[in-house]
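Think of it as A, B, C and D in the order they're written, each chain with its own count starting at 1.
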Amino acid sequence: MIKSQLYKLVTREFKPNNTIVNVNGVKIGGKEIIVIAGPCAVEDEDQIISIARNIKKSGAKILRGGAFKPRTSPYSFQGLGKQGLKILAKAREITRMPIATEVMDTENTKLVCNYADILQVGSRNAQNFSLLKKLGKCNKPVLLKRGMSQTLEEFLSAAEYILKEGNPHVILCERGIRTFETATRNTLDLSIVPLIKQRTHLPIIVDPSHGTGLRNLITPMSKAAIAAGADGLLIEVHDEPEIAKSDGHQSLNIAEFQHLMLELKSISKAVGRTL
Amino acid sequence: MIKSQLYKLVTREFKPNNTIVNVNGVKIGGKEIIVIAGPCAVEDEDQIISIARNIKKSGAKILRGGAFKPRTSPYSFQGLGKQGLKILAKAREITRMPIATEVMDTENTKLVCNYADILQVGSRNAQNFSLLKKLGKCNKPVLLKRGMSQTLEEFLSAAEYILKEGNPHVILCERGIRTFETATRNTLDLSIVPLIKQRTHLPIIVDPSHGTGLRNLITPMSKAAIAAGADGLLIEVHDEPEIAKSDGHQSLNIAEFQHLMLELKSISKAVGRTL
Amino acid sequence: MIKSQLYKLVTREFKPNNTIVNVNGVKIGGKEIIVIAGPCAVEDEDQIISIARNIKKSGAKILRGGAFKPRTSPYSFQGLGKQGLKILAKAREITRMPIATEVMDTENTKLVCNYADILQVGSRNAQNFSLLKKLGKCNKPVLLKRGMSQTLEEFLSAAEYILKEGNPHVILCERGIRTFETATRNTLDLSIVPLIKQRTHLPIIVDPSHGTGLRNLITPMSKAAIAAGADGLLIEVHDEPEIAKSDGHQSLNIAEFQHLMLELKSISKAVGRTL
Amino acid sequence: MIKSQLYKLVTREFKPNNTIVNVNGVKIGGKEIIVIAGPCAVEDEDQIISIARNIKKSGAKILRGGAFKPRTSPYSFQGLGKQGLKILAKAREITRMPIATEVMDTENTKLVCNYADILQVGSRNAQNFSLLKKLGKCNKPVLLKRGMSQTLEEFLSAAEYILKEGNPHVILCERGIRTFETATRNTLDLSIVPLIKQRTHLPIIVDPSHGTGLRNLITPMSKAAIAAGADGLLIEVHDEPEIAKSDGHQSLNIAEFQHLMLELKSISKAVGRTL
């Protein structure tokens, strides 16, 4: 099969210039490195507002938080649902930061779309084509995470599903792939960053939190991501990682996040970007 | 995390005896090896009816065929949709074989449920938890395919989502996993068959067509699957594989399928099963 | 690169008929399924002789045991070395079973060659080309294990190194590959068995002990291997697996091995083989 | 098994300070990023001397080149052998750059040791324990490449083999691992860089040439490696990549290498290193 049969609209041949996704004034894919931060799951209002204020102070531009959580086990915390979306909206109202949150299925796409500024597709839904088609008809930017065992070709084909339906506002996200290595939760595949920049016009960001699953790898891998050409980062931040309901071991606390942002300034400058 | 937190209802500790899923009289998980066969995609009525008649003659007990097709590229044939379901229903009426077909999202679960006797969940939806929950509320058997990079623990947790919502009629299906090997389309992981039989009470079948992607591996790997303890097989059969709209290279033709079924008789007997 | 540049002598195009490797009268690659059994490591003389007598009674045709052991850690038991070879030779004298043992480097190839009837190349040396070339100049059969992440093409190319130097007596061995799955030690890739039978004239055996790392998977996966077309099996057997110095958790005890051999008879017959 | 049983001497618990490997005055593991460059295989004298002069001018500190080449197929160019070592020695004499070259087996360890300043162990020999032990008795620094499917634990255990025999001068090298992704030759696992810096005192360098297999990924992944904390790089450079006897598609030409070195200056400075 030739590539043109898999995808077309995402390629640089089709559109030579970088796509810059504008999220309420925050531009992803331009000169500025955009950091999206926040907790894995929305747990309560005070927590989110406090985290949002703090990360904004440190330089984060977009707040993330899960209201609908895809969890391996049905016995794990599944998120606050609509109540979580309302809390995120409140945090946006207060901090004026756009919010990114996951949409898990076609049935509540409209609901999530009403609240979120960025609709995140998780890696377990990376080839949920019904969902991708539906998001292609939304007028909100989509943050498409790479599937755990998705090849570059399949990743770009998944993005093509969204563009083909009419939504060009797609942000790709590398979040680690499944390999034999058990020292890290996943293997962060940074090579895909320059490959995507070369082959497509879409912005690509990196999630070192899920990509490594280890708090003390987030800073070096964030630097590496920017050096490799990423347009932004997705970072898990929690006010009390020790008691987080989900993924605390891979979350930074507020002070660590502040420190990370300071460290990223020089590396961003070294590759001609701002932060 | 201890196992009991991931899943419980699927275990032999919870239910020591084998679950036998009854599909309109066809029993999966008992002494008889059940072969589900048919084309990857439903293409037209005459074709399906002809294939159905022929595979029934050879010993297949259930007809499979895709009406909604999850395809890597948006430019590939996406299936006939509702029209495909109607064709399958017609084939059932004529041959009196139950039909298995894929359900791709929560929105058309009810539609597919109205037509199908077995609701198949494809590997790309193996961790589409919204879909799994919805299927847990259906009264139809679910054929749950393992995700391409799903561990045993995750596979059983996905099944638990369905059981937890009240539907105990789950048939697991090994269909190959993603590895570095490129000689085969996927790596068929037969070790999971005895592991599943030891740990759970659910029936497990094997799909050597997707699992290998190579027509001439279907017979040896079908034999190996039965020898490893599988309760059944899912085999792609097409009247003219050369011109199939999807996956022709891994489909058997009618004569090859007939030959396969003959070969499987002695191996089934050797492990104390019937076919 | 076209295939003919990677390998030639191993192909069926070059030699249409099956190669049957004759090990002191035991023929591997013919109608009879050959079982090679014994402990992972040679620990002491009485143990080996006792195991050898018992497995012979159950139908094993060749005794295996490691004298030089490749161990992940330098602090693990490294084998008895030359003393281990002498013990194996003693066991052969008493039981008249040929012996298979691992050769770890070019320096002691001659030594191992003087004692062993089959020279085993471990998966960590699967692409130790200096060793392969040296074995190509030996006049003893070579049991070549697949590397942990070796593709079929690379596996056959490695075998070609041996044949090219003049030694046609090569037995291939599938022993599991590295994947993301952690439920088993490795993922036993049985699809490679029929692929190898189709493309090459060399015999292929299967090692379910290393391939799964789980004692209670050995019987079902041995059956599956024979059903898939394997010419033999390599089985770890220990008189007291609980106290084995290496790999006890994946070893059968004498009674379990006896039971395995009984179970394999009917499956062998079902695929037209003897045991 | 607890970690202390796998390895001890390589850990920061055993030796808190960074090991700095001194190669004829070139220090690997200190503040300076060290670039080792040269062709995959030594082809002829004029070529090597010309490449050596040019890369030295651009800032490379060590010359690499293969005299003994481990090739997948026995029909591929296997290297010039001893003649290649002599050519490398000549290039060292002229340019006063230390030379790094691969040692493939225990038999010619002494020979290679007589010529080389750094003994490189290729990924196919990453668990050739006989070779590792022998190198542990050499008085030359060892560049140990990670195996294609070697876990961090196994990689460190392999290094432990060398240290345990008395040679503390070990430089680790990440060169990509085997995964399902086919867009790159291997998947460069940069997460292992900070993990190794945290757990061990040994220097770690990165090989983006083998790690990606794509010429136009070398610059971004070199930057990413330095940002992640690597102590150096191993870069394939050829005067005429188009006609190289091995790996030309992943080699930089002289001008591209010069350009790379310029680009790496600012990133090195941004992480507090020099180049």
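As a working rule, a contact is a pair of C-beta atoms (placed from the backbone, for glycine too) under 8 Å apart; a residue touches a chain by one contact, two chains touch by 3 or more.
These figures come from a predicted structure and were not determined experimentally.
Chain centres computed from CA atoms place B at the largest separation from subunit D. Of the chain pairs B-D, B-C or A-B, the one whose interface repeats that of A-D, sharing more than half of its contact pairs by residue number, is B-C. Here the CA centre of subunit C is 34 Å from the CA centre of subunit D. Distance between subunit B and subunit C, defined via averaged C-alpha coordinates, is recorded as 34 Å.
Inter-chain spacing, taken between the CA centroids of subunit A and subunit C, is 48 Å. Among the residues of subunit D, those in touch with two or more other chains are 149, 153, 178-180, 182.
Residues of subunit D that touch subunit B in their complex: 149, 178-180, 182.
In the complex of the two chains, the subunit D residues touching subunit A come out as 149, 151-153, 177-184, 187-195, 198, 211-212, 214, 216-217, 220-221, 223-229, 266-267, 269-271. The part of subunit B that touches subunit A in the complex is made up of residues 5-8, 70-76, 104-107, 124-125, 127-131, 133, 148-149, 153-154, 157, 160-161, 164, 178.
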